[in-house]
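This is the structure I want to talk about, given as structure tokens.
In order of appearance the chains are A, B, C and D, and numbering begins at 1 in each one.
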Amino acid sequence: MSGHPLLAAKGIYKSFGKHEVLHGVDFDLREGEIHALIGENGAGKSTLLRILFGVHKASAGTIEYKGETVRINSPMDAKSYGMAMINQEPQVFSDMSILENIFLGHLELTSARMVDYKRMEKIADGLLQKLGLNMDVHSKMMGLSVAEQQMVEIAGALSSNASIIFMDEPTASLTPDEVQRLMDLIRRLKSEGKTIVYISHRLEEIKQISDRVTVLCDGKKVGCYNTAEITIDDMICSMIGCTLGEMIKKEETEISDEPHFAVKGLTSNGAFSNVTFEVRRGEILGIAGLMGSGRTEIARTIFGVMKRDAGTIEIDGKPVVINSPIDAIRHGIALVPEDRHGLGLFLKKPIAFNTTFAASWKIKRKLGFIDRKREKDVTEKYVEQLKTKLTSIYHNVGDLSGGNQQKVSLAKWLATDPDVLILDEPTRGIDVGAKTEVYKIINQLARDKKCIILISSELEEVLALSDRIVVMYEGRQTALFDRSEINEVNVLAAAHDFA
Amino acid sequence: MKAKEKRLSGMALREVGVVAIILIIYVIGCLIEPRFFSFDVLVNILLFTPVLLLISLGEMMEIISQNLDVSVGSIMGFAATVGGAIFRYDKSFPIIVVFLVTTGIGVVLGLINGLLVTRFKLPSVIVTLGTMNIYRGLIFILMNAKQIDNMYIPQNLIALSQPMKSVIGIPYTVIIAFAAAALVALFLRRFKTGREIYAIGCNREAAELRGINATRISMLVFIIAGGLSGFAAMLFISRVGYVNPVTAGSGMEFTAVAAAVIGGTSMAGGVGTTLGTVLGCLLLGVIYNSISYIGISGYWQDAIYGAIIIIAVIIEKLIKTRLVKGQEA
Amino acid sequence: MKRVVIAFVICLALVMSLVGCTKAPGSGPVESQAPEQPSAAPAETSAAAEPGDAKGLHVVYIPIQTGNPYFDPISQGLQDVVEAAGGTYEMTAADVVDPTAQIPLIKAQIQKGVDVICISPTSVDALNDVCDEARAAGITVIMLNDDITGNESHRDACVIGTNYEEVGYRSIEVFKDIMNGEGDFVVISATTDSPFQNRQIEIYKEMLAKPEYSKLNLLEVVYGNDEPEKSLTEAQAAIQKYDTLKGLLCPTTVAYIAACQAVQNAGLEGKVLVYGTEFPNQANEFLKSGVSQGAILWDTYRMGVVAGELCKAIVFDGFEIKEGATFNAGKYGEAVISAKNIIYGGPPLELTADNVDDYNF
Amino acid sequence: MENTKKNSVAKKILRPELSIFIFFIISIVAGTLISPDFLDLKYILSTMPLYTELGIIALAFTYLMIAGEIDLSVASALTLVSCVSAVLYQSGMSMEAVIPIGLLLGLVLGLFNGILVTVTKIPSLIITLGSMSMYRGLAQVLIGDGSISGFPEWFVGIDRMLLFGVVPMPIVIFVLLTVIMEIILKKTFFGRKVVAVGSQPQVAVYSAVHVDRVKLVLFGLLGLSEGIAGLMSLSRLGLAKYSIGVGGELDIITMVLLGGTAFSGGRGSLTGTALAFLVIVLLKTSMTLVNLRRMDQLLVIGLMLIIVIILTDKLNKYQDQS
């Protein structure tokens, strides 16, 4: 093995707008190894990968390929160094054939410089076999499940015969046996001398296959270990800076006995079916499950954004009809959506604008004129309550750091004075400090006798905060645990539908 | 396998549909005016297509790559005026050369559009709305708004669009246009760049992640569209026999969009076939002719065109939703 | 800073484009086509022609549309006369045939305080108010080439190419001779509402009623909306529909050329005869190649000259416009004002393969 | 802190409307430079009504574009309204009765687009591309290329009704509408909804906004303005013709974009549009005064459009990052 690492990043800094997500990260990749990259959401794993792959441009730092400093400004450059990337959310061309989805970017050509469909078919069939898939490569991408799309994308990366393959949570949406197949594949690739960077939250997977692990926390490199020499617990510790204990504390709240909010046999075709649970005042109900298990969809259906095909939503035992967020809010239901940027906030609008937008009645005078004074009061009240750090409530939300953005998003929904508050990934992409505050807020809200539905892909959160937990798998409700039964083993088992 | 059938039905449905409409209108035409049923009429319908077809093909590629170019009409007018001016200066000027010149002009003007859109990241509609005026204006500054009269246009150019002057009874312009269509089809289906045009229209971000240079591609599309319009300019001269800088190609852009959209090109980008666009042009041609033969007042034309665009896009929408549903189930 | 630069660039660009355009106003400098200043011109006119004493003969011509070659000779004629008389001549026109488009143009001339406005009206009734406004401001308003029939009271005079009635009668006569007095024919017109077109067709019908025209049979009148493609399709349709078709009569230039092309496309040169109004340069090829047997028009350049002379007469020697009065129309001799203050530019101009080369417009 | 203060000041100045304001100045300067007869308020005021109809539509259009939609059929709708009204009057209906019908028709024409867009989710650009030629086509079917005139005295000549003996009525209406609509946009919650829908539709949905309903209202509003404009042109010209206002949609879009409204939606101001309206009027007037051919005018305006869009884009970017 040559002295130089195959690929190395030195002192990478990266900031989006105001706040910095990578603070001088080093990373090195040896030829032929499987290198795992772990860290919490928002630790900067994907960002680092995307910088190496030329999607983002680093604010500072250098990238070296076999010892020489190289400039990678676009995926095109990255490809020229034999890199390929498998994205967390599959990036597909839904109107084009599976075959083309596999090969686009490196289409096989005949001697006459024409696209060689015959040859591609052969290769594709081979690959899909390896992945244990059987699909007609000529059918369109549109209509494939997320898992299938993920597999197609993997096939794509392989077909480019890249020597370095970045995998950003490839297993997030896969079923256990699909995961197993992928693991085998990765091993085979390794034996073929390929180098692989592997991001995953499933630490046991990492333990299984990786040679080395680099741990990121809050955009800093905690360390790089040989997998053999580090236990899963150590991994967790270094990931969250060993603060799990004091970070997430469940404060006991007295919970009223009769349920305030309940869903019975809730179904939304193609997403999830027959979900039943109830939430009492002051209770925190967690919903756990893998990506694509239907967690988020439940929230959206309750909130009236997605179509409800069957089942009822009840408040104080009386069924209510919710066909739109307007209805939802009228019945005191609020949803803090998972995707702050895409769904939660108007990034290019002021904080005050955002905070009061969903609670229009609080700032409307007659004829729908806006009462600036009340707008200011309402906004500042929540800035106060949530300890949001900002220079002026009339600056754009987009200028705030992730954590404070999330607080504004929370404020926006608290402003509607909900009894039922659905939090979808409330701590995604925010730093540890902010997380602890969010947890405090959640507890506070529970104490304020609100019904809280907490959806999170971070098991620790759900485990620690919830009074009860609903577990989803592929759109089915596989379990509902009481506080007493809540532990990692149970939940994970249910989440993978073992047992 | 099921998916495959659906795909076929999905794509074919559209073309079959258009063919059906064409036939229906044609039959109705024949019923009302028996003489509508004749070879010559078919030739006349074909004669309507060449200019429109070339421009529509360019427009189709624009739409597939998620752009829209409303300056193609002006580009054609510009090229036609220059081409005509050359002939006014020297009637015996070799036609092939002028073909090259007009095409070249188209390419340059297309290039300008492309640069503005890609460099400044502006919406193509807006940019081309601007250049549409600018190009039209330039014609006048350069040509001083003088019409190029019929007597200056070489007969052998005009002959290109005369059935009688063609050995097989189908004017050469038609043949040229359809040959061009065939080339475009080949390019779009069989060539790397062709496929990448669909890719960036389908999902630009994904395309860039796959290392496809989206900027370069859309640039290229603008150039091709411009070039085709420039080439079409000569067919226009041949067809009309003189060039009026005001009317030459004005409004063409909208007819072209109509043809492409009717042919199943999706405004969402990433979807569209050459065959569809060809059929779209033919449909418009049939309507155009039948209006005259049946003796409907020409006043109806715009209304009918407009209605057809709207109906076409709605039909497309229906088919698409039906397909998605079908695949979810 | 960057923004300041950009702003600066803009200012530059705009001002430049403005200036650039003003450099080429109207139809630009064109060499005079009228060679000799008519010796018959009265003394005071030639005196007035002395530069310096150009006691503001300022004439503006507003044709229907830019880029329509029909109006170029008219403008040329006007320009030659006015500039020869040391006056200033300008032409301006709209880019679209929108009745409202001419109004701001006229307003602008009022603001500039020109002496005479010559207009080829887009609409018979859209201009009344603004014309009155102009005349109230002491400007003479002359309709040129087209009259605002029914609203004559809103303009001072109207110069038209020739007696269009005459054109009508003449066309059908010649057409009859071409057709050897017999056969089926179709008329291809512009639009169903064009006064000129409809009047022409009326005249045709009136004549067809006469015995010597009895063998001439008008099958149909079709309308090409003055669009090349449309007219062509109509012509083709006509040829398709009627086997017995022997002639196409086109009172509009767009239809005439379309008809010729249709006949060529069908390879029926000489079998289907074409006659109609057309410019020499447009008709040239078709007349010579025998596709068309003749065309008729009026001398548009002459129309311009006559109008120009009228402007001179009005501004320089306060010529008063009333029916029967005459004024010197330069090299075309005397021009007389007939009913409704209409002046005919001259006799119809008949084009054949033999004389078409004598004209260039 | 010091820095941020400077920033906020700069922000106040370097707003998107700035670019059009620059042109406002330029157009005045350029106008006076190229023509001595230009600087004459009375004259300029008297020419304004010619464009006011488009201006009024441009105001409602600004709303629509802020909400992220576009409508190419505006000019055609204007024409159709005036033609239908004319035909109705001709067929013996009293003008008093025709006016409300005209307004209603405008509303309907606008909603027709709105419904198609919101229901089918097809880009408004393409839908209205169709209705553009359909509306004008219908007008043509209705009255061929003749013209209808002869309306009652009191109705004809709105542009000659003067306020304070100088300001023509249409301009008064235009200014009023500008002020009212600007207030609604900036001061009421509905205004916020419009902005929200345009800037991030999805977020708007999650924030309990009936996105489609808002868009429908705006299309309706636009239709109404088309109705007003249609009747105004009928009154000003005293005649209806299918070719009136051909290509007007370009002028309108030009005004809106010049005014600093983002084509992608989410940002824009009526003041900007009004300024742009003035700039266009001033430019056209001055250029017409020197008898500059219309095609050259198109060139100038097209050029200006592109420059302004690039500049506005820069300014917007600046506004976003502080």
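Keep in mind that, in the parts below, a contact is a pair of C-beta atoms (placed from the backbone, for glycine too) under 8 Å apart; a residue touches a chain by one contact, two chains touch by 3 or more.
Owing to the predicted nature of the structure, the values given are computational and were not obtained by experimental measurement.
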item: Steps needed, at fewest, to go from subunit A to subunit C via touching chains; value: 2
item: Selected pair, greater C-beta contact count between C-D and A-D; value: C-D
item: Chain whose average C-alpha position is farthest from subunit C's own; value: A
item: Rounded Å distance between subunit A and subunit D, as computed from the means of their C-alpha atoms; value: 44
item: Centroid spacing, where centroids are CA-atom means, of subunit B and subunit C in whole angstrom; value: 35
item: Between subunit B and subunit D, centroid-to-centroid distance (C-alpha), Å; value: 31
item: In subunit C, residues with contacts to at least two other chains; value: 21, 24, 66-67, 95, 192, 225
item: Multi-chain contact sites of subunit D, meaning residues that touch two or more partners; value: 144-145, 293, 295-300, 303, 310
item: Shared-contact residues (touching 2 or more other chains) in subunit B; value: 140-141, 145, 297, 299, 301
item: Every chain pair in contact, whichever chains are involved; value: A-B, A-D, B-C, B-D, C-D
item: Residues on subunit B engaged by subunit D in the complex (per definition of touch); value: 68, 116, 120-123, 125-127, 129-134, 136-141, 145, 254, 257-258, 261, 267-268, 297, 299-310, 313-314, 317
item: Contact footprint of subunit C on subunit B as seen in their complex; value: 33, 35-36, 38, 40-41, 44, 47-48, 140-141, 144-147, 149-152, 155, 158, 161-164, 239-242, 244-247, 288-289, 292-293, 295, 297-299, 301
item: Residue ranges of subunit C touching subunit D (in the complex, touch as defined); value: 2-3, 6-7, 9-11, 13-15, 17-19, 21-22, 24-26, 60, 66-67, 90-101, 103-105, 107-108, 111-113, 123-126, 128-129, 191-194, 225
item: Subunit B partner contacts - residues on subunit C that touch it in the complex; value: 20-21, 24, 27-28, 65-69, 72, 95, 192, 222-225, 227-230, 232-234, 236-237, 240-241, 257, 261, 264-267, 279, 281-286
item: In the complex, subunit B residues that touch subunit A; value: 1, 3-4, 6-7, 10, 189-192, 194-196, 198-199, 202-203, 205-213, 266, 270-271, 323-324, 327-328
